Amino acid sequence: MQAVDYEDIVRTGPGTLAGRYLRRSWQPVYHAADIEPGSAKPLRIMGETLALYRGASGALHLVDGLCPHRGTRLSAGRVEGDAIRCFYHGWKFDAAGQCVEQPAEESRFCAKVRIRSYPVREYLGLVFAFLGEDNPPAFPLYPEFECFDGLLEIDSYQRACNYYQNLENALDMSHVGYVHADNVGAFSGIGLGRSLSAEESDWGVEYSFRRAKDGQLRINHFGMPNIFHMYALPNDPEIQWQESLFWWVPIDDVSHVQFSLHRVPATGEALSRIRARRQARRSEIDLAHQQLAEDILAGRMSLRAVDPKRCDLVRLQDDIAQLGQGRIADRSKDHPGLADVGVIALRKLWRRELSAFAQGKATKNCTGPSAWGQRGAPAGECKAELVDVRPHVEVDWQLRALAGPP
Amino acid sequence: MQAVDYEDIVRTGPGTLAGRYLRRSWQPVYHAADIEPGSAKPLRIMGETLALYRGASGALHLVDGLCPHRGTRLSAGRVEGDAIRCFYHGWKFDAAGQCVEQPAEESRFCAKVRIRSYPVREYLGLVFAFLGEDNPPAFPLYPEFECFDGLLEIDSYQRACNYYQNLENALDMSHVGYVHADNVGAFSGIGLGRSLSAEESDWGVEYSFRRAKDGQLRINHFGMPNIFHMYALPNDPEIQWQESLFWWVPIDDVSHVQFSLHRVPATGEALSRIRARRQARRSEIDLAHQQLAEDILAGRMSLRAVDPKRCDLVRLQDDIAQLGQGRIADRSKDHPGLADVGVIALRKLWRRELSAFAQGKATKNCTGPSAWGQRGAPAGECKAELVDVRPHVEVDWQLRALAGPP
Amino acid sequence: MQAVDYEDIVRTGPGTLAGRYLRRSWQPVYHAADIEPGSAKPLRIMGETLALYRGASGALHLVDGLCPHRGTRLSAGRVEGDAIRCFYHGWKFDAAGQCVEQPAEESRFCAKVRIRSYPVREYLGLVFAFLGEDNPPAFPLYPEFECFDGLLEIDSYQRACNYYQNLENALDMSHVGYVHADNVGAFSGIGLGRSLSAEESDWGVEYSFRRAKDGQLRINHFGMPNIFHMYALPNDPEIQWQESLFWWVPIDDVSHVQFSLHRVPATGEALSRIRARRQARRSEIDLAHQQLAEDILAGRMSLRAVDPKRCDLVRLQDDIAQLGQGRIADRSKDHPGLADVGVIALRKLWRRELSAFAQGKATKNCTGPSAWGQRGAPAGECKAELVDVRPHVEVDWQLRALAGPP
């Protein structure tokens, strides 16, 4: 089998191997609530500039970012109905990307001009897009995140390093027991090497930890190519480990965005109390973890000096761990150990899949974890209460991150 | 004929094809009022660092930017009479670039040291320089901008993209009818494709628009290699379309400066009223269009949210259109139409001329538009009132732009 | 002999010729007082990221900057006793670089993991390190900076240009007579070409100036590869030219740090007065010379407009001279004269040594200036009063400079 280099994994721009591979799946690209009817936004995903807009009808559309006429950024244009009109000369494109008007042309030239339009779908508060060349696969549903009594929290943050550093961090329970140990009543002893196992699954990798003292088992699922289903650290007295879904999407090769959904089951009074505590917590956060991480890594500040009330401490800790590896980690000097069984399984599966993909061979047909789809109501009928939980400082950072290069 | 690439057009550093071609013409490089007797300024033009200084006598001089002794930036030195003395060791160069003193040398070594001195001339409030290798051509005069009753407004701004994006924007009347339509009572229907024509002229390209409904004609002239004579949008109740001259000069390959002259004929009370309105308008502007454009292109702000009183709206619109193409536009995906007849003529003429120049063949002998020099008084006797109309925020930006790299 | 290029001199990253050459000597890398027991700092020296930490016992240790496990920056970790523990998974390394704990591994894997540990020594208020491959040479002592009655001032600053520009500046007394002439009662006539001589010495270059009018002699010593022993300009009424030691250490190829020691002999009342004046002077400085230099080089500000009370004027003048040459000076257009005899000697010696080193031949065995070690008490018993004299703005800049890349 053809060997795949580390470079093949970390580079995701148009035409790259990993770029084409990631583009075969639906990817979250934006918060649905961040774009109002009649407005357009520039989007930077895997090194490409795109234009996301919401028609007057409320429908979302995603098209190429640069006008095919003379290359101006389309997101600066005007939304008209479900079409977008370029700022520069008013060329108008319908939702399918067909040019339908060229005010100065007085001809049928527009019939010959078409831009790419990408399938896009709002789901669970996020905007998902399919950026690949072929027909999109079936849209993946996550029924257990739709159909329950409680809050579905929507979140995201940006980190200024390669997306793959965050993937590896997920399949690494031993860092949870160490880095995040002091800020929560963590699952004691989590992540010891002999208690971890990582097996290839239908979806990707089943990554689990069995606690020695009582045999208690915790299972996380990594889904190819960049999804994670896990139980996040408890951070509320009335919620245990909370079920979450993560996606890590490259902005470019040196920064990425994580989109997250947290499932918070609750009803009645408990739901009200949890919602109130979450909102209070969210409004306390006024320091950007990204800036704190930069200061700490530069030695200008100590983590001990950070007031954990004013920032998202878990993210800050992960920032330090991941940014501390550089914008694109040098993996040639790594010394993986027994506790890195998850990282090793991830790398092995990714290399095998990428190599098969490079040769045009059939690649893994990934489905969600087998347990899914067996609880609750029919998919597509979200009953949970959607709440965007990004702190204000995170939203600012987010907009900067996805805006594309100057 | 030898093919000329797009790269050959956009790169203008020392030794490049377009760089050598542009250097064969006199180019505006500074505002004459921005440099006082006895002071020196660094200048960054076409990727070169130069030192512009004004002698005690008031005469302007332009020399190489780095001292030939040990390479320090000469503009940080001291002006003495009409000579400049290096900050580092006091080597002194006369206006012709001859080294005339080396305080520590105690020898005649200075006679052997000479730097390049460039012909420079103040004209209509601007500083023009000849940066070419050979003898400079005759200095081009624009008598109709000298000899009239009224104001001659001097202006400039910097834009962080390749100069050629602005050249193309000029020979594109259809963007005027669209982008700039809403902020002025524009010449209705301007820029429709069938009404445009672009013909090679003695000077460069005669670019015209004939309005269908009444046959009214509007003619702009592009002059090789980077000049434009046009009628700018009316922006004062007592002035119609105002005659303007533009030059687009590369700072480096990813930024350029536009110098402009506006001819505002008026006398008596009308002149006073116009002058007062212009000054009031100028002092209102406190937002840099460059910063606004960056925010709008990033999706952090909408053009609709901009208070047009606080910025130069036309420039902001052009910023969005031109910066939206990237620092150096990718032209490989363009779809020019009928309304791009001016852009097509510009590209064709530039490629032909650059190709001829590359082969050492005679290139077009450009003269001003044929109508010129037929009105008014003898050239060289400016009677108009010179007024610098740059808003304060523009001057700040300008100084940063031309200061050269750190 | 193999020719050495200018590039070979200015590039000092790992594996480069000059990088390996400079790493054969002990180099100052930090202020001893800037790192407290139990804390760690990232260090950027010659393009390498290192982790400097001080154990609970007070002992300093210097190790590789990135954890060998998964590449996270070690300085973000925790100091435990005389060991450092990685932030990410808690791998613990003793002062010799041996991995002694891997919390999640439950195996003897740690015995196989080792990082480089570098010899480090505190001396005269500075932290010196040996970053070379082989055994370190004897640690150089400077007895006359230890054993005297008075103040030993410790200083440093960062400059955003190649280190070699500062080396050349030192062996250039003619700039002192010119650039620095107006801010002190300088040694009149210093630096005239015929009065300068530069001879190779045991240590490097003996660089001297003999004043014509009275035959008075001033001798400075350059020590290979990057040390200077000189008499600095008088800046206190009770101190004459003060004896100083300088080191110029690359941070990377476009910035460096100068560490300095100033020997200020004084006793009793005079000592008190001098100390008080120095502290008062230090607290006056609230403008960073680096920022001023950038403004002046960009033509946004004139040196005449700078209040010399609020900044370090000598450094500002040197900033302008050295940064004005660019981040890495282009030396191909230099015109050295008689007054550049020191620069010429420096270049010649460096090229010869680097060429010999490249061929594995024995290189110069450098010792301190012959006069040294003949006065005062036995080396290693510092009696002088150590005082850190960096202004507050300098400390800020310093921390930024040495923190390493994001």
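As written, the chains take the letters A, B and C, and residue 1 is the first residue of each chain.
Convention: a residue touches a chain if its C-beta (ideal position, glycine included) is under 8 Å from a C-beta of that chain, and two chains touch if they have at least 3 such contacts.
All values reported here derive from a predicted model rather than from experimental measurement.
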- [ ] Examine where the copies chain B and chain C touch and state whether the two sides share over half of their residue numbers (same) or under half (different).
- [x] different
TODO: Could you report, rounded to a multiple of 5°, the rotation needed to superpose chain A's C-alpha atoms on chain C?
DONE: 120
- [ ] Please report how many Å separate the Cα centroid of chain B from that of chain C, as a whole number.
- [x] 46
Open item on the list: Residues of chain A that contact two or more other chains, please.
Closed with: none
Task: Complex contacts: residues of chain A adjacent to chain C - done: 160, 168, 172, 174-175, 177-179, 191-194, 294, 296-300, 302-303, 317, 320-327, 329-331, 333-340, 343
Open item on the list: Applying the document's contact rule, which stretches of chain B touch chain C when the two form their complex?
Closed with: 39-42, 66, 68-73, 75-76, 87-90, 102-107, 109, 113, 399-400, 402-406
